[in-house]
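Below, subunit A partners subunit B and then partners subunit C, in two separate complexes.
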Partner chain A sequence: MMLPALVILTAISILPLFYIIWMSLNNLTLLGGTGISSHWTGLGNWGLMFTDPGVWAGWLAMVIYFIATVGLEIILGLVAALVIHEVVWGKNLALSLILIPMFIAPVIVGLLGRFLVNPTYGLYAWVLRESGIYGGNILGGSVSAFVAVVLMDVWEWTPLVALITLAGLVSIQPQILEAAKVDGASYLERLRHIVLPSIAGIIVALLIRSMDALRYFDIIWQATNGGPANATKIIPLRLYESAFRFFHLGYAATIGLLMLAVSILVANLFTGILRQRGLLR
Partner chain B sequence: MTRRGFLRITGAGLAGASLPWLAGCGGGSGSSGASAGGREWKRFSGMTINFISENTAPTSAIAANLTPFKKLTGISVTIQQLELTSLAQRVALDFGSHSGEYQVIYADPYQVMAPLHDRFTDLKEFMEDSSLPSVPKGTGDFIPTQLDAAGHFGDRLLALPYDAPTMIWCYRKDLFEKYHNRMQEDLGFDPIPSDSSTWEQYYRIAKWFNDNQDDVPYGAGHQAKQHDALMCDFSNVLWAYGGDYFEKGQKVGKLGTTDPGPSTLDSPEAIEAAKLYKKLIEIAHPGSTSWDWNDLGEAFGAEECAMCPEWHEFAAAWEVGSLKGNIGYARLPKGPARSANHYGGTGIAVNRYASEDQQKAAWLFVVWATSPEAQLMDLKSSVGGGTPTRTSVYQMPEVKHNKNPLTNMPNIVTAPAVLEAWEPQNIGLRPKIPSWNQCDTIIYSQVSQMLTAGKNPEDAMRDAKIEIDQAVKGVPSAI
Partner chain C sequence: MSTGARFSPGKIFPYVLLLLLLLWTLVPIVWMLLSSFKSLTDVLSPTPLLTFKPTLANYIGLVSGGNNVLTYFRSSILAAGISTIIATTLGCFAGYGLARSNFRGKRHLAFWIISTRMAPIAAVILPLFIGFTFLHLINTVWGLIVAYLSFNLPFAIWIMNAFFADLPPGIEEAARVDGASNFQTFWRIALPMTAPGIVTTAILCLVFSWNDYAFAVTFAGPGSQTLPVAASQLITQTGVDWGQLTAIGTVVALPMVIVGLAVRRYLVRGLTLGAVTGE
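Right after this comes the complex of A and B.
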């Protein structure tokens, strides 16, 4: 009974995994020769990766980026969900409008962001300049460019967190909230003791966004190309360049495997939390 | 001597074997004797070939007018246009799998041809095959520096020059004329770009515009985003100051090599060039550090700066807009060594993994698409064509007469500047080496750090040299 499923799983998942592991142990490149050339290097790529300052710089940018985007998305998504939940009239319309960014392809978000902060004709650049908040070139400065790409990601994916959180909020029985209100609990107290413990979905949202943020690519590629001064060059961009620009496929596989390991660790962290709270069987 | 050899030598190939399609597409240059070559063009009738190209104006023009080729050969051509990085990736994967899906390839000399040079067919094989049409007017009709840079890798001819974007000095002629006397008085030299203009003078002109007028916000704009564009922009200054990426850099750029030797980016000339470049960007439009060539083209067209070094093909867009007739084009300023004008042209090549018949059909397309008549068609295209890569096209009466006044070929307005830029002593050629993509990334990352993160020019050049030396040895790194 299980055989077909096992065969499919092996073909689409296990074999590629072993192939990538094999790639990481070889100097596999498209440069030179007449096809893909490879020779066995053992742990050579791994040694090179752990001593490559570019890889460490990529991971540092990745960690800062990860904390900033996921943190902001959770906070803003939660607030948005709470606000929508309280809306009595036009709730569906408000929800539809809020969800729009999520349906735009990330590469378009990158292009859109780039246009909006363009110093020549960008609307946001103009507003910031005219209001005296920021007169510099947004994508031309290390900090401002980093903030810009973080905000582009937050704009696109906060609605996902809001949607998942809202699903949790809807499941809270109104009688419980009303009883708490009658007992004199303030809004913040109700939020802390009833609402937040009931929306376990936010941890799932956190898990999904975390997995996504670790392989974030499109928006930065479009908006800054990793610059200026490598300020926005997170690890997926470096992996892409190693594989498809420099054609060092073995080295790229090594970076990819490390990303996979980190992704598994992060996923385990969140599933651990869910299990601890009895939300995962 | 064979008929083909005779035709090639006398330059009469066009009239003989080559282009019976001329009458059909209205090339109008009076070529005749077309019927002589009809059968050799029809050999692969009914076949479909795929052409993968960067999304450039010449390919858009070709795509908009494929009917003459279809009529001539009976071959259908499917054209896929992509951004250059994506193209390089697709071509590499096609080669890696030996699938031969793309028979005709836009072979950027640096990002595609150099790293994958073994995967292209030597075009001499087709040129020596008497059953196939010859190159109209012979390969000698191509501008020599372009034939080498875009076509050769070592002693093999892998592509025929197809487009020829080259960086030149684009400036607001109206503003330079308006402020000419004041600038000359204040600066002590004639500011109008000329053969004697230097990068130091360019800097002073830019600064003068910043400080003394309100027509444009800034004097100069540059393409200094962390991107291939930054390497292109920086290289003009590097070469002008006598620096280069490798010891025999221009030869490496012309013919290509797999072993360029150690990098020379730590030379005093390269460091001087880096210092000047940093100085230029400090007073340039602040948007420069986030602009690639497209952004700069838009900014200049939107009157954000009075001058910029830019690819000459942007003239096609500017000369049909509000700035029509108000832009001047000149060779780039010189440094202590020379004037260097970055050449970014590309040839089209044939995939060696395609079947023999597909390769021959692809050759027919290569010959047709680079013929003088196709280039004239490109030039006149309403979708904004490219610039000819053949000397004979510049001699055609209708092209000559279009230079002044400008009518329906906006790109030709830059002809005097680019023809001078393509002279061997003025052309700037980046290295044609297999690891160029990695080296390119190292260069623009280091220069970006110098421009936006306070890294000093000496350190940027020395670090770039160290990393390039490793890349050339084939050592992978995540830059």
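Right after this comes the complex of A and C.
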């Protein structure tokens, strides 16, 4: 029963894996049309990559972007889940409304973000200017552009964390919380000692978000395309630029393999935790 | 707990936070919707306009003139739809096989499947691009369908595996005792019982592929461009028509929000790859 799926999966994952390894050991150039020229360079691309300040900057931007987005999403997602859990009136409607952003294509989120912070007719740019918080061109400054793309990502993916965390909250037996309350535990104490430890979902949410943060780069691509002055040029954008703007496919493959290694590491953590919790059979 | 405390600050506080949360979430969406019904001058007003004379001009503009999005719409539906159907069908078979079998190396097989789903898109694009160039799949809908299978198929196998693993084993055993073959047990017993799982899998596959941009912009040409690509092109062509852009944004987002919320109960299961059980 597994055969058809595994055959296709092999064709679109194992073969490309071997191919990308071969690519990284060659100097591959697109010749326009369908022509490709290649000559063997061995580990040349790898040496080049580890001494390329652009690649290092890309990984640094990636790490900062990763910590900022995933960190904020976990915190805000937890707060959102706790709030929705407390609320009685309109709980269902509120949850549905809060989930909307995660179904919107990241490209649209990037474009919409760009519209909202446009210096001449953007709604958020206007609010920030009129309230005296920030009057400049948001996507024109390195720091403000970085903050903006982080917040776009947070806007789209906090709902996912909230949803997963909420599932954990719902599964906590109310009697336990009630008993702790009777014993005089404050809200924060109950949160720390009963609620947080029982949300397995938080770790899963963290891992799912971690993997997706490495996978997708559409939001930044649309909002800033790595600018201004490469301030938001995370590693997948570097890779794409090497491959499809400078046509250094072998070099791009080398960057890709390193990304792949990182994502396999995260996937390992994920399955390890699932197995630990008996969720993987 | 005293009933007199109905309006105590402790009870109001969550609602205040909820209001802030809803504002943060909904303002961009409402603004996109409003802007899509604005005339060009109203969209470009330096002070935001809440009251304006609504017009359908942006939506009409999408389906008329030189940049007709209907062909993009067709590519989007074909690429996302066919890839979803193939992934879900094969995912049901393979997921069932995985859930009901025990063999050496099953762990490694499962890990290979899940790591395929998690591979960074930027890295996957490179070998596929060369392969598609040789196979003449560039600028075809079939190229996109294959590209989308690269993430939808492992996802569908993994999730269906989780849904099948949840079924109580007794029922299937009873069917076998009554003389049902393996395939009959799967087809008549297991499959119907996982109907919500199948629908959730299909919808999530649809959302992932409909929302894709990276594959579409790299592999698609004039004959197979999808809606997200059309949206991004509104920015690079002749300046930016934000009215049309918000209109196409609405067209891309609305169907996915509707189908996504329709399976809200099962979303947690699907989106955590089966690791967390939902409501």
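Just so it is clear, the second predicted complex is superposed on the first by the 251 of 281 C-alpha atoms of A that agree within 3 Å, B and C clash if a C-alpha of one lies under 4 Å from a C-alpha of the other, contacts with A are read in each partner's own complex, and residues count from 1 in each chain.
Criterion: a contact is a pair of C-beta atoms (placed from the backbone, for glycine too) under 8 Å apart; a residue touches a chain by one contact, two chains touch by 3 or more.
This one's a predicted model, so the numbers in the text were calculated from it and none came from an experiment.
Touch criterion met: A:Pro228 reaches subunit B, while subunit C stays clear of it. Legend: residue contacts after superposition of the two complexes on their common chain; A:Ser263 is shown touching subunit C, with no touch to subunit B.
Once chain A of one complex is fitted onto chain A of the other, the partner contacts of A:Met1 are limited to subunit C, with no touch recorded for subunit B. Judged by the touch definition given at the top, the superposed model places A:Ala253 against subunit C, while subunit B stays out of reach. With both structures placed on the common chain, the touch criterion links A:Ile20 to subunit C but leaves subunit B unconnected.
Applying the stated contact rule after C-alpha superposition, one finds that A:Leu163 touches subunit C and leaves subunit B untouched. Using the contact criterion defined above for the overlaid structures, shared-chain residue A:Val107 touches subunit C, although it does not reach subunit B.
Of the two partners, subunit B and subunit C, it is C that touches more residues of subunit A.
When the shared chain is aligned, no partner comes close enough to touch A:Gly77: not subunit B, not subunit C. Under the contact criterion defined above, the residues of subunit A that touch both subunit B in one complex and subunit C in the other are 34, 36, 118, 120-121, 239, 244, 255. Within the complex, the subunit C residues that touch subunit A are 14-15, 17-18, 21-22, 24-29, 31-32, 35, 43-48, 90-91, 93-94, 96-99, 101, 110-116, 118-131, 133-134, 146, 149-150, 153-154, 157, 165, 186, 207, 210-214, 218, 228, 231-232, 235, 242, 245-246, 249, 252-253, 256-257, 260-261, 264, 267-268, 271-279. Contacts from subunit A toward subunit C in the complex involve residues 1-2, 4-6, 8-9, 12-13, 15-17, 19-20, 23, 34, 36, 79-80, 83-84, 86-87, 89, 94-108, 111-116, 118, 120-121, 123, 126, 155, 159-160, 163-164, 167-168, 170-171, 200-201, 204-205, 208, 211, 214-218, 221-222, 236-237, 239-240, 243-244, 249, 252-253, 255-257, 259-260, 263-264, 266-268, 270-271, 274, 277, 279-281. Every residue of subunit B that touches subunit A in the complex is listed here, in rising order: 85, 88-89, 92, 95-96, 98, 115-116, 118-119, 225-227, 258, 285-290, 295, 298-299, 302, 304, 434-435, 437-438, 441, 445, 448-449, 451-453, 455, 471, 474-479. The touching residues of subunit A, counted against subunit B in their complex, run 27, 29-36, 45, 48-49, 52, 54-55, 58, 118-121, 136-142, 145, 224-231, 235, 238-239, 241-242, 244-248, 250-251, 255.
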